[in-house]
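Worksheet: the structure to be examined is printed underneath.
Every chain is named by a letter (A, B, C and D) in the order it is written, and numbering of its residues begins at 1.
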């Protein structure tokens, strides 16, 4: 398949690399051009604009936030109106996803939301999880692409923004579990029990999931720098979730709690802290 | 081994039955005597007081709360001062566990805290998880007993109440995960996504742990009656955790949140609701 | 003075009327024109655009939200670049106030933020409180205008958005006090004490402030319809406060709490409920 | 009247002094005897036990907590069963107040709950507020006593513990208002507005109550040592309120929030901090 890749951060680069390796004909574009070079060396075609990348069967976008996606879609020489089906993989807001959907529909351009779960290492290993929503025919067509980059695809119906909502729910769940572990570990520690001992019990009994093992270990080791996923990005996602909750009239006090914690982590630890670093204000509030 | 079993509720009965089946010589006592009869028929000796049950190598107690344990230990014809090592398996408070430890030490009687994770079905199947703390020699001696009833034992050091603290942390984590799922499912549902679809994504990606599968399914099905573990018992445990947190000077806002939710679930749904029923006030606050 | 008034809702109308009565030469404009007629009959000049209203010494804007202000300032035939000093009295966000300030400065047009405290009845009675910030000379010039509509002016320095921030803080404080009263009254009521009896103690001892008397009585009487200030407007203000808090990196869990309550009040009671109606979900969560 | 005074801390001493000055025949007792001496010098009779103090028309108790009251009532040479009507002025729990009521009723001894609002300075100046509940005849009899020590008495019906519940509600309201001010001041300060400027606006508009003036000034000045009312005592009261709320099945998330804040203030600032010192963890969580 002929695939354009727009956005070559840690995630986008890894995805594009796997598409090249899978034998697809890949066109890459990044706002800061040098990032595209290694992919060019690996066999991709480096192009000069999002619209050139979208001169393809499918164009993927994987960018930091709504504003960045807005730029490459609606901006000059943008994706909108090009012949490629647009597969949006960024973590964006619900209202913006709905706007993208409507704008593409108006132009007769196919559009899918396909955000992913997985850290950069999982992207490298083609082991992402894809959450996919949009017209069935479009999902079918995007199948080979997802096969090349992921371990599993979850189909979430016809409405693209549904996939974005599930993604935001997932990120909220990660923060909620982290807050829970941070509070429990702080209580345990002040009660004379090592954090690692508590974590061993949790993951050895009811909480034997990847999330608890990975994030729990970060908390045991106080390992929050360099950030795998920086707190301000986590805060952005919690705000997107809160905007969705406000719009749907759903009070979510636990979401509010983790959002306030992220604000506190950034205020006290700086913008470079990992989002799991919400454990630090938890500990500090207890005098540790 | 000669083992006394005090407290024959759903959990205590299942444990005693497994000890009989494992070939131990079991003496059983329950406040309401008829509950002991089936075990008598199965080969246990029904006795007339906790102290008679404690005329053994080990005496287990598995009761509803601090007050019940206080009665069988410090009350007339109680366990205190008997020859058996006392293994306390109930979910009790930290201060009370420390008091039990001191009282036994004063009498030269061995004492272990060994609360468990597992619903009654796991107890029947001898698949409990045991959290064990106390003197090493005592833990060693209790080994065969735990082998007969559990799939795994976690050793948590010399101080008995440490095991109780870990147990309370675990129950808090369960409520925290339930609140998180309830909020996320409510948001998803109002956004047009089936609860089951969200749960499938969560358990298929980062949250593939028994807790999310079991409790998540309860939430998907709105199945909160009859209670597997009633909300007032859950509230009791959250209060014990809060008392421990207050004493250790650890602010735990997520604990406070789930505690308030349990109060609300009981206020609006009645005392018979399962503790996972905290999902109902979450949904109701969103107008569902 | 020659004064333009843009926005003739309940508040704007009352303010314009007082300016006419005080002998000023008043030009009025409203998006839906008929609202301007009674003021025309009372001696004001009805004009056809914001820019005509701003052909004056001062132009006041009193509108519902950021978007409405954006329209009359930056839109076609807008206020920006006119000769009048612009006095912005709406409750708007901090970032938007800063943007207004910069845009006016660029055009060499004087600009003040002057949001107010007071319900429509206070506006009619020329008993508003004005929070005023901006260049000192501009504040001095606006003095006679404020004299005609308010009981007191608070000067808050040179930076216009400071007045907006104080206004948002005040609205947050109102919601916080309302939540506190709602929780306390619910506890009292379930404990057999009439809400009115509790309120009498509070206002007769430490809480003898207008806020507690007025809002407390609303809660005693369950009088939330018709809305004096509708919950969705209150929610809008809490979101503006939260945006300011996020930007300044200030975690505000009590703000989060009242925000979630407003969402719940709207979800369960409808969009028409008064913002003091947050008392209803408080009561309902307790089973009342 | 012949009046016994049991408990001569800051509050009890001031009350007893005013009773002496008002011409009553006063008998005083304190656990640590030397505290009684100045009152002896002023005309009171120093006695050797609570029961001797209760050889009077009325006996007042003003002590730190439930346990202290339990000691002087139910302990050896205690008040229970003496001829004096017992007027309990301490801030105690609802369940314990009910137990006191029942125990006195059983002995045919009159009993009133009469907790007060007011700092020690107000007690010295005979300017307390009294919350009084119990049998009407008993309240009538205690009238002259209250006249000598207070500026106003609130009658709260026949059930003594109602007065205690209102007192706990009041202390909760104080903490809620303090948290609200602390959050708003932190936001204002990070936004460039002096705390004093914000307080001036609040108390000059809707929040012109003694509570906001007094506590607001403490927050403006960061004046939390020495404590007027120490945080651990405030935490005790919030726990009593939470116990009442749990028993009445009332979720109170704002109560939970201030309770967690008090825990944090004690954990980070030490046991000697004033309860208004909850402002410190608020500021610290924002990186100030």
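Keep in mind that, in the parts below, a residue touches a chain if its C-beta (ideal position, glycine included) is under 8 Å from a C-beta of that chain, and two chains touch if they have at least 3 such contacts.
Keep in mind that what you see is a predicted model, and the values were worked out from it rather than measured.
In terms of the distance between Cα centroids, chain A is separated most widely from D. Counted by C-beta pairs in contact, the busier of B-C and B-D is B-D.
Taking each chain's centre as the mean of its C-alpha atoms, chain B lies 53 Å from chain C.
Here the spacing of chain B and chain D, counted between their Cα centres, is 39 Å. For chain B, residues that reach two or more other chains under the stated contact definition are 245, 249-253, 257, 263-264, 267, 285-287.
If touching chains are joined by edges, the resulting network of the protein chains shown connects every chain directly with every other.
For chain C in complex with chain B, the touching residues are 253, 263-264, 267-268, 281, 284-287.
Chain A meets chain C in the complex at residues 235, 239, 245-246, 249-253, 256-257, 259-261, 263-264, 266-267. The residues of chain D lying in touch with chain C in their complex are 94, 117, 129, 131, 152, 154, 156-157, 159, 161-162, 165-166, 169-170, 172-174, 176-177, 179-181, 183-184, 186-188, 190-193, 197-198, 200-202, 204-212, 241, 244-245, 248-255, 257, 285-287.
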